[in-house]
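The structures considered in this document are given below.
There are two complexes below, and they share subunit A, which is joined by subunit B in the first and by subunit C in the second.
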Partner chain A sequence: MYTVGIPRSLAYFFFLPLWKTFITELGHEVIESPPTSRAILDRGVKEAVNDACIPIKLYHGHAAHLAENCDFLFCPRLVSVRKHGDFGSETFCPKFLGLPDMVRLALKDLPPLIDTRIDLKQPGGGSQEAAGEIGLRLGNSPAQVKRALRLGMAAQGYFHRLCQQGILADDALQAVFNGEKIYPPQSHGQDITIAVVGYPYAIYDPYINAGLLKILQQQGVRIVTQDMLSDRELNRQDSKLPKTLFWYFSNRAVYGGLHFMSDRQVDGIIHVTAFACGPDSMVDRLLEIEAKRHATPYLPIAVDEHTGEAGVRTRVEAFLDMLRYKRRRR
Partner chain B sequence: MKISFPRMGYSYIAFKWLVENMGHECVVPPEPSNRTLDLGVRYAPEFACIPFKILLGTYIEVAQMGAQAVITSGGMGPCRAGYYWVMHKYLLEEMNLPLKIIAMEMPLLNLGDFWKKIDLLRRDGGISLKELLRVLKITWAKVKSIDDVEIRSHQVRPRELKRGETTLAINAGLAFIDAAQNEEEIREARQEALSLLDRVPCDEQRQPLKIGIIGEIYVVLEPAANHYIQLLLGEMGVETDRSIYLSAYARKNTIVNLEGDLFSVARPYLNEAPIGGHGVNSIAETILYARHGFDGVVQLAPFSCIPEIVAKSIIPTVSREYDIPVQTLFIDEQTGRAGVQTRMEAFVDLLQWRRDRGIHKKKVFSL
Partner chain C sequence: MIQAYLGVDVGSVSTNLVIISELGQLLASKYMRTNGRPIQTVQEGIQALGQEAASQIEIIGCGTTGSARYLTSMIIGADVVKNEITAHAIAASHEIEDVRTIIEIGGQDSKIIILQDGIVTDFAMNTVCAAGTGSFLDQQASRLCIPIEEFGGYAAKATNPVRIAGRCAVFAESDMIHKQQLGYNLEDIVAGLCEALVRNYMNNVGKGKEIMAPVVFQGGVAANQGLVRAFKKYLGFEVVVPPYHDVMGAIGAAYLAREAVKRKGRTGFKGFNLENINFRTTSFECRGCSNACEVVQFFENNNLIARWGDRCGKWELQVG
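Then we have the complex of A and B:
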């Protein structure tokens, strides 16, 4: 039995149910790094290449934090998770593609990385093979791997179903792993619905966005995110674009944004983006122009190492004031 | 139709010929200036990279000059440049600029679409299929000749006795190629241009420092984007070799030519390819330049360029293990010429110091 560390950053916020269930069911212990803190951020800023975006720096920080306490560091190379896009070539941001190498060369004294290549766009998928490779590294039999993968997929599916009932990802994760019964949030006194779109690691990491979701909840806002939509609802938006974007998480954010704009169930859209994020330089302006054309109020929030709670709160409050003013005038 | 295209180095000479001989009127894109960049920065997303901004500025300029369409490239990711034409289209629409964008996606991925666009341009210009093939062949010959002349100029410039002579010679030589109308004339023009460069009075004894220029294609190819870094280094007496030429795929005589090889060279450091743009290439090219005994490498990249950031995070290890100094320059609209010059002077000093002490000869690598 080994101890496998999973850094709490990037795809963690989206694929944890699968990853953790799979590894646990193989009979190993999973340790997650603690929620992002100043110390983890500082460590990441110190170790990572200075031009990287904050999520990548945080990943380095989380990985460094785990390094001493685990036998393996789980850092899969996410290349694709489906066949999608104009050329069937949907992938992840180049930084995801190079992540295991970046981490390996930046950090000293790392345990061995589980850097299995996850490339599911080819016919037949490839998740069995990828799972088998991980199982081999951890010394498990093919039968164990098959069973663990099935359970992992089930957990991931359960997570998505919970999210699609309107439960925020954080609560859904709790429910998946603690087995608590959880119910869709009831609206009490929430007068405004806001769609928060962006990458899971930008919207669900409260440290990165200075507690944006909490601020919104305190202000009596009902929050929806792109993860509360089914793949079908999301992919339907693809026909509205002249060309599909190349990145999985970006496509989800854009489709989510477009869905909420045409659906007219939301009062406004907040897009959370990281400073100097490459794909988001496209995503953000695309959403801004589309929001203008759909007459949907739109607020981009760019976060970096220096983002403070007061700054985010001020902008959110101003945005909400505007939305409420608009509603009263109607 | 009045057609324009993005400007990249001297290649506009060949593309101008192509557009004109397809029966269209060509609006030659002006060399990117401060005004181009200002226009681009004003309308582009803040974190878009500098090629996006310069291209957008160029499109606005050529639209003002009367162009009705621009021909540009597409892409399949993960580099965001493949999505630029879509964003440019959105932004031009927002500005109410009636400029049509004709984006050529990679023919390998969608041959039908590629052919449809070419054929439309051909019929619109009123030339026959046979004529089109002839025109494309001559354009390619021009691209190759232009690159040949430019490569030679970077070898001659560091040895010139009187500063600026090489630049005069290459400009005169390129004018010959510009005027050539068929393959025979291009061959003669190329010969004439090369001999003009060879007649530049040189210090034949000089053993200049050798620097490899690597990085993202646009800032490597467009001198106005990289503050004329090859000219700058050349006039400082440094011989430069560039990793990217438009005609590189057809070349065997340059240090960097075959992509497949590059990926396997980079594999020990980056076990994934491609990662978009020239990210993997940059890592492999650093190794190749080290093996070929270059004194140093300059990595050029636009600020916030994702593939080059990945490369930059890996290059320090390569640099240490292969004992070759690498200077990275991230370029954005705030980059000034003096900043580039200062860093290049310091870098060249360092390389000279290493050479004087014989440091760069300590490690010998097998090819």
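Then we have the complex of A and C:
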């Protein structure tokens, strides 16, 4: 039995149910880094290459935190999880593709990385094969791998179903692993619905976005995110665009934004964008143009290592005032 | 006694206080430098206003705005605490009929607010970059040994404003030095700087916004005629600078107080005599987790009345 560390950043917020269940069911112990703190952020900023975006730096901080306490660091090379986009060209953002190399070069004294290439769009590059490779690294038999993968997929499916019932991803994760009872999303006392779109690691990490979701909830806002939509609902939006973007999480954010723009229940859209993110320079502009076209109130919030709560709060308060005045006028 | 409303706007650079009548008439105003001491400045400002007005005016509502709005609200007993964007929008739409665009440039931030039929439909604030704000102008004025008040006068005398790279305050400065070493005259450089600042504002805060007339230019920086001219030149139409452009945030807070008191019924205003109350803050670093939050404690006459600054909410406290 090994101890496998999973950094609490990037795809963690989206694929944890599969990863953790799979590894646990293989008979190993999973340890996760604690929620982002100033110490983790500072460490990441110090260790990572200077030009990286803030989420990548943060990942380095989480990885460094785990390094001493695990036998393996789980850092798969995420290339693609589906055949999608023009000529099936969709991948994860380039930084995800190079993540294991970046981490290995930047951090000293790392345990061996499980850096299996996940490239499901390739013929013969299925999840069975990727799971098999991970199992081999951890000394498990093909039968064990097959069973663990099935359970992992089931956990992942359960997670998505919970999200699609309107439960925020972090609550859904609690439910998947701790069996915590989840209450259906409240509608009591909430007069405004806001769609928060963006990368899971920007939306669900309260440290890096200065507690955006909590601020919204305190102000009586019902929150919806792209992760509450099914793949079908999301992908349907693709036909509205002249061309598909190249990146998985970017496509999800854009589709989510487009979906909510035509949803009459949604009063406004907040796009959480990560500082120095290359794809976001396109995603944000695209959403801004579409929001204008749909006459949907739109607020971009850029997060970086200096983001203070004050800046986020001022913008959010002004945005909510704007929506409430508008409603009162109607 | 005239019944009136008090609005206080405490920003990074200036602290502004106004008193308006029920009908929105400006009865008194104060523009002060915050000088890094918001508590003291607010106390002094309230005190000074009291000496001027307390005999004829009864405050029946008060509101705060600006980056120190929460702190200030506890000093004066505010009925409403509002963000700067809403406050500025409310003030401008009361002062200028059918205003469509508000350009607001303050000490350390700049914003653009788009309105339609008196309602905000879009806004943006500058992020980390200060290249388009008052502090940058202040700094450059002092480098050139020109009092900031005369900056506009210099710009007006320019015949051929030089082109200065305004993307970044640091590069703008080196570009200015370069131009001055080549022998361009000061007037042209100052005017060029104003134009660079406007370009930077438009490309940064104003990016993607459709700017329609009437445009109102407010905030402390609107006193600078050089910038007003540069905005007009860039936009190609008139830019209105309201008479009380430097205290518009406070005026907005006062209007909001008027609304709030109508709902609440009575004001929480502590009165003009704040001199005998001792307000102070202390802070400590929480050791509860690795976030090491700096928690601020706010005391009124040695009574702890509020605590904030922690991310987890463990210390959060508000009395009354």
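Here is the rule we go by: the second predicted complex is superposed on the first by the 325 of 330 C-alpha atoms of A that agree within 3 Å, B and C clash if a C-alpha of one lies under 4 Å from a C-alpha of the other, contacts with A are read in each partner's own complex, and residues count from 1 in each chain.
To be clear about the criterion, contacts are C-beta pairs under 8 Å (C-beta built on N, C-alpha and C of every residue); 3 or more make two chains touch, one makes a residue touch a chain.
Keep in mind it's a predicted model, so treat the numbers as computed, not measured.
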Open item on the list: By the touch definition at the top of the document, which applies to A:I40: first (subunit B), second (subunit C), both, or neither?
Closed with: second
Open item on the list: Output check: A:K95 vs subunit B and subunit C. Expected answer is one of first, second, both, neither. What do you get?
Closed with: first
Task: subunit B versus subunit C as contact partner of A:R77, first or second or both or neither - done: first
Open item on the list: By the touch definition at the top of the document, which applies to A:G211: first (subunit B), second (subunit C), both, or neither?
Closed with: second
TODO: Kindly classify A:D51 by the partners it touches after superposition: subunit B alone (first), subunit C alone (second), both, or neither?
DONE: first
Open item on the list: Quick one: is A:T314 in contact with subunit B, with subunit C, with both, or with neither? Answer first, second, both or neither.
Closed with: second
TODO: Could you say whether A:P297 touches subunit B, subunit C, both of them, or neither, answering first, second, both or neither?
DONE: second
Task: Partner with the higher number of touched subunit A residues, subunit C or subunit B - done: B
Open item on the list: Does any part of subunit A touch subunit B in one structure and subunit C in the other, and if so which residues?
Closed with: 285, 289
TODO: Spell out the residues on subunit C that touch subunit A in their complex, using ranges where they run on.
DONE: 67, 82-86, 117, 119-123, 125, 127-128, 208, 289-292, 311
Task: Residue ranges of subunit B in contact with subunit A within the complex - done: 45-49, 52, 74, 76-80, 82-83, 85-87, 89-91, 94, 105, 109-110, 269-272, 275-277, 279, 303-307, 309-310, 312-314, 316-317, 330
Task: Touching residues on subunit A, where the partner in the complex is subunit B - done: 48-49, 51-52, 77, 79, 85-87, 89-95, 97-98, 100-102, 105-106, 115, 117, 241-243, 245-247, 275-282, 284-286, 289
- [ ] Can you check the complex and tell me which residues of subunit A touch subunit C?
- [x] 34, 37-40, 206-207, 211, 285, 288-289, 292, 297-298, 302, 304, 306, 309-311, 313-315, 317-319, 321-322, 325-326, 329
